[in-house]
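Presented sequentially are two complexes of chain A, the first with chain B as partner and the second with chain C.
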Partner chain A sequence: MSKTIELPKFYEELTPPYLNKRKEELVLLQSCFDQGNIDHIQKLAHKIAGSGGSYGLPEISTLGKDIELAAIAGNNEELKVLLDKFTQYLQEIEVVFKD
Partner chain B sequence: MSTGKKILIIDDDSDIRAYFAKFFRVLDSNIKLFEAETLVSAVDVLEKEDISLILLDLRLEYEMGVEFLKFRRDLEHLKKIPVVVISAHSEQELVIECLKYGIKDFIKKPFEGFEQLKNRLERIPSFSSIL
Partner chain C sequence: MSELKKICYVEDEVDIQKIARICLEKYGGYEVDIFSSADEALKGMEPSAPDLILLDIMLPGMDGRALYAKLREIESLKDVPVVFLTAKVGYLDDPQELYNLGAVGVLGKPFDPVTLTQSIEDIWKYYVENHRTA
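This part shows the complex of A and B:
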């Protein structure tokens, strides 16, 4: 099931590559989780929290912040849930642009 | 091109730098944006270019933006360049610390949208004057 988000034209050249980068990053996030490299997850999540909303996707910022906080707390169980949620969000999202 | 239209962004996040590159291209195509990922590369740009405004992230990969504010405080030629902090951190103590170093504004990441960011920046006199 896809989730469609409508954004102003301003984002047309920004948001699709941004989403592609996040999808590529999922592999890295998962690999860091599997290897217990929580510090790196925290760093990546901090950037995601700071950038998602700027690209018209505030849900990404919220998820990024939640992942960052779970990483800081060392809560692996919560981290796993949030990484799955982030994966699902990126799989479902579809962006369209309007004038 | 006017020397008064050069802006430097110091941020280790390439997505934020890409966002500003697009933002300024839409806002005023005469603005030239210089990008730096580290404080060393920022100082290098500042030595070569007549920068009118600095956008500064506080948490860089290996260093803190506040270090730049401290460094800038003691150098007359850098002190005169207005700085706007852009940060995902916005704890009150941090904002106050930055304000003590004479920053012009503290804008929280993520940005809400083009118009909101434009309005926010245009409220800064030193930014409006270069447009």
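This part shows the complex of A and C:
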């Protein structure tokens, strides 16, 4: 199931590469989680929180912030749920651009 | 009123660097230098001081607060106004604490690329009218 988001043309050259990078990062996030490297997840999530909204994707920033806070709290159960949610979001999102 | 021409931005995240440069150069018409770390910024800014510095807080090595303190010790940069940009504003960073340090503005990340330039112009205008003595 895909979730379509409509963005202004301004984002046409910017958002797709940004999304591709986040998708590539999923492997790293999952591997950090499996290895218990929560500190690195926190750092990555902080960057995600600070950037998603600027690329027209505020939900990515919200998820990044939630992941960052769960990592700071050391709440692995919550972290797992949020990483799954983030993965699902990135798998489902489809972006279209309109004038 | 003094014109804002040159901005230096210290930010380690490349995706934020990218969109900030587009907004500030293309829409703001500013000359923009971007540095990825405090060390890079200290080396790069001193020879040619900007009109305004944008500073991320969470930087590799020396963080934004420590860099701010260093900048205040450098003759050519000590009076350059600083605006903090932080992803933690509202949930981990207290904007008032950053104003107390001496920041002339605090902006949250993610910023809206459409309004970033206007936000910076507003801060600059307020700074020139209220702080600048020269």
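Simple rule for what comes next: the second predicted complex is superposed on the first by the 99 of 99 C-alpha atoms of A that agree within 3 Å, B and C clash if a C-alpha of one lies under 4 Å from a C-alpha of the other, contacts with A are read in each partner's own complex, and residues count from 1 in each chain.
Definition applied: contacts are C-beta pairs under 8 Å (C-beta built on N, C-alpha and C of every residue); 3 or more make two chains touch, one makes a residue touch a chain.
Computed from a prediction, not measured in an experiment: that's the story for all the values here.
When the two complexes are overlaid on chain A, chain B and chain C occupy overlapping space and clash.
In the superposition on chain A, contact of A:L14 is made with both chain B and chain C. After overlaying the two complexes on the shared chain, residue contacts for A:G50 are found with chain B and with chain C alike. In the superposition on chain A, A:L69 makes contact with chain C only, while chain B stays out of contact range. By the touch criterion defined above, A:T87 lies against neither chain B nor chain C after alignment on the C-alpha atoms of chain A.
With both structures placed on the common chain, the touch criterion links A:N37 to neither chain B nor chain C. Within chain A, the residues touched by chain B in the first complex and by chain C in the second are 10, 14, 18, 21, 46-47, 49-55, 58, 61. On chain B, the positions that touch chain A within their shared complex are 13, 15-16, 18-19, 22, 26, 59, 87-88, 109-114.
On chain A, the positions that touch chain C within their shared complex are 10, 14, 18, 21, 46-47, 49-55, 58, 61, 65, 69.
Within the complex formed with chain A, the chain C residues making contact are 13, 15-16, 18-19, 22, 58, 86-88, 91, 109-114. Those residues of chain A lying in contact with chain B across their complex are 8, 10, 13-14, 18, 21, 46-47, 49-56, 58, 61.
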